[in-house]
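Reading through the structure tokens given below for one structure.
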Amino acid sequence: MEITVSRKAHFNAAHRLYNKNWSDHKNANVFGKCNNPNYHGHNYELIVSVTGKINPETGYVIDMGELKNIIKKEIEERLDHKNLNLDIAYFSKVIPSAENICIFIYDILRQNINSEFKLSVRLYETPRNFVEYSG
Amino acid sequence: MEITVSRKAHFNAAHRLYNKNWSDHKNANVFGKCNNPNYHGHNYELIVSVTGKINPETGYVIDMGELKNIIKKEIEERLDHKNLNLDIAYFSKVIPSAENICIFIYDILRQNINSEFKLSVRLYETPRNFVEYSG
Amino acid sequence: MEITVSRKAHFNAAHRLYNKNWSDHKNANVFGKCNNPNYHGHNYELIVSVTGKINPETGYVIDMGELKNIIKKEIEERLDHKNLNLDIAYFSKVIPSAENICIFIYDILRQNINSEFKLSVRLYETPRNFVEYSG
Amino acid sequence: MEITVSRKAHFNAAHRLYNKNWSDHKNANVFGKCNNPNYHGHNYELIVSVTGKINPETGYVIDMGELKNIIKKEIEERLDHKNLNLDIAYFSKVIPSAENICIFIYDILRQNINSEFKLSVRLYETPRNFVEYSG
Amino acid sequence: MEITVSRKAHFNAAHRLYNKNWSDHKNANVFGKCNNPNYHGHNYELIVSVTGKINPETGYVIDMGELKNIIKKEIEERLDHKNLNLDIAYFSKVIPSAENICIFIYDILRQNINSEFKLSVRLYETPRNFVEYSG
Amino acid sequence: MEITVSRKAHFNAAHRLYNKNWSDHKNANVFGKCNNPNYHGHNYELIVSVTGKINPETGYVIDMGELKNIIKKEIEERLDHKNLNLDIAYFSKVIPSAENICIFIYDILRQNINSEFKLSVRLYETPRNFVEYSG
């Protein structure tokens, strides 16, 4: 008898899509305006979902305040008001597409949330584009 | 070949989180400001999802008007503008966390929706915190 | 290791619910105000979700710009500012309920999106009523 | 010392833009896809704002429940699930653009809300297009 | 050449509408379900708007971070997770209708924001009901 | 008898807040994380409002399709997926705060919209921060 609890968070960041193994021409062709060498940016909205049993003593799957703090410390403070390509070492080798940012976030949270819980991460790059990853 | 139909509803209620087997001190420590003895409250938003086969004569899985009425009669009229701890007998024994309110709603709706359908209930306590339960 | 990417789109259309094998009386009884012979309409919001592996060269499951163009060409240009009952041949035989419109959209997109990907379509008829279909 | 209170409502309707003094060709040229002879439709969202002094006995400018009922009786029951061109006599002579629908709603509400209050009506035709009228 | 900057905030609180000079019967008649003696509650959303000239050295009318902190310290910490009737002395004498809460917030912020700026406060009691006050 | 029509648009861009007449230390102190030398970014949402008389032949104040195209050509194509500081000459001298971006957009649109109409521009930097300018 499992239930899923979700918490919304957000961060604002710059990025560009760029494959360093390709010519500038191919980068521009494949990534279009997302390839702008001067970067562009987004208000990323994040939904973190944790699935597990309810603790009958608290009525909680997980304390939402604790979950909020984990997201704040591990994700928001790391990514908010940053340039993902330049400020986050991981994205010097990995293209910071919404897909890859979502996996990056999932992997960090997975290490900070008890393994008895299932975890899922949804990342909105814009209100019209979003991705979801569950490991 | 199943499809899921969902209907949104809402109710406004007061509650507090409190475990009567604990000292006031422990209650305050665990539940923080959600433990305020004078209660606080929320605009709860509810999404009820029903999964089943389409009736070819109507094009419906279930008549949305009927589903709306079931939610209104069984959930909104019971919980809207209520104090969950004081006005709802169930929550005199169960802590009215979002998780437990969601299960309470699911269990009532499950008895009022044909068992040939799968049921899922999502409850937003705030736009930033929500839970989902599917039995 | 699969991930889901989603893209939002929208179209505005008129429709009515009507079963031609029934009397006008039964149509009115079953479909209520949705049966208005002069039609009514909605701003349909659409979320198309595609699940698959990330291409490491692009960081994409599927190019969102391409997905946007497929939805635009195959769905928006076909349905936007149309009367579903009168302008779309398919709905001369099938009742244009949200459920059936969702399957119609799914079936068209399924033919236009590589079969290596899973596909899911969510259709909002109003902000309060929506359906989801995954084949 | 005045304050403004606002109430949201909604109705779903079909319409087309058409000037009967013009040729079909000119209608098509000016109104584009909004001219579809078979109609299209929208989920109209309505915000009614009333400005006045607070009654110190109630803390209300106007009872929101009363305002809700006026909007329901005078606007929603008249326009919801209707074809504006065919079902509403007023729009047999006036083009049902968002601007004209907004004025139509304002004029009806103005007669039903005490003249000591200022009135303003905002009408969303889509989440991206809206109009506002204050008399 | 003035411009308006706005900042959104939120707090969750319980309240009831009750006029202590009236009989219980009259209270119930006038305030309906909002009169529940056990309270109900809302997720209040707040938009604070400040109008003034841009400081050319910063490009700011007012530092949004500062404005956020004023709202947090003066409003959120005072009202969040509170029972407005019982926990806020001001509402022992004034009915905590949306209108009166909005004026209460305005008056506090007015003392904390430089008088060279115009101030306006919008308070959402629910997504469907809101009030706005500008002094 | 004037009425206001509004159209929503959006663009995604990178920026940083930086005053070149100040030391790095002062810039960091005043602008905080918005001063990151590597930039951050936002999904800017734009609402353009035009006020005027209704043309009785069309029912329009201004053709929304035309307004959409002006915004697309003059604003979206100029700013979308750009670095405001590096790619837009105007912001080499003016700090790209929300306030200044809003005025920049207003001034461009003012030259492209008939002077018989009043114009107002609202710019959301995030769902929680926005500015509005009317000349």
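First chain written, first letter: the chains are A, B, C, D, E and F, and each begins at residue 1.
The rule is short, and it goes like this: contacts are C-beta pairs under 8 Å (C-beta built on N, C-alpha and C of every residue); 3 or more make two chains touch, one makes a residue touch a chain.
None of the values given here were measured: they were computed from a predicted structure.
Under the contact definition stated at the top, the chains bordering both chain A and chain D are C, F. Overlaying chain D on chain E by C-alpha atoms takes a rotation of 120 degrees, rounded in steps of 5. Comparing the centres of all chains, each the average of its CA atoms, the largest separation from chain A belongs to D. Under half of the residue numbers found at the chain D and chain F interface occur in both copies, marking it as a different-residue contact.
Remark: chain E and chain F have CA centroids separated by 29 Å (rounded to whole angstrom).
With centres set at the average Cα position, the gap from chain C to chain F is 33 Å.
Touching two or more other chains at once are residues 127 of chain F.
Here the chains touching each other pair up as A-B, A-C, A-F, B-C, B-E, C-D, D-E, D-F, E-F. Every residue of chain E that touches chain D in the complex is listed here, in rising order: 17, 19, 21, 30-32, 94-100, 102-103, 127-133, 135. On chain C, the positions that touch chain A within their shared complex are 1, 3-9, 54, 57-61, 63-65. Note for the complex: chain A touches chain F at residues 10, 12-15, 33-34, 36, 38-43, 80-83, 86-87, 126-127.
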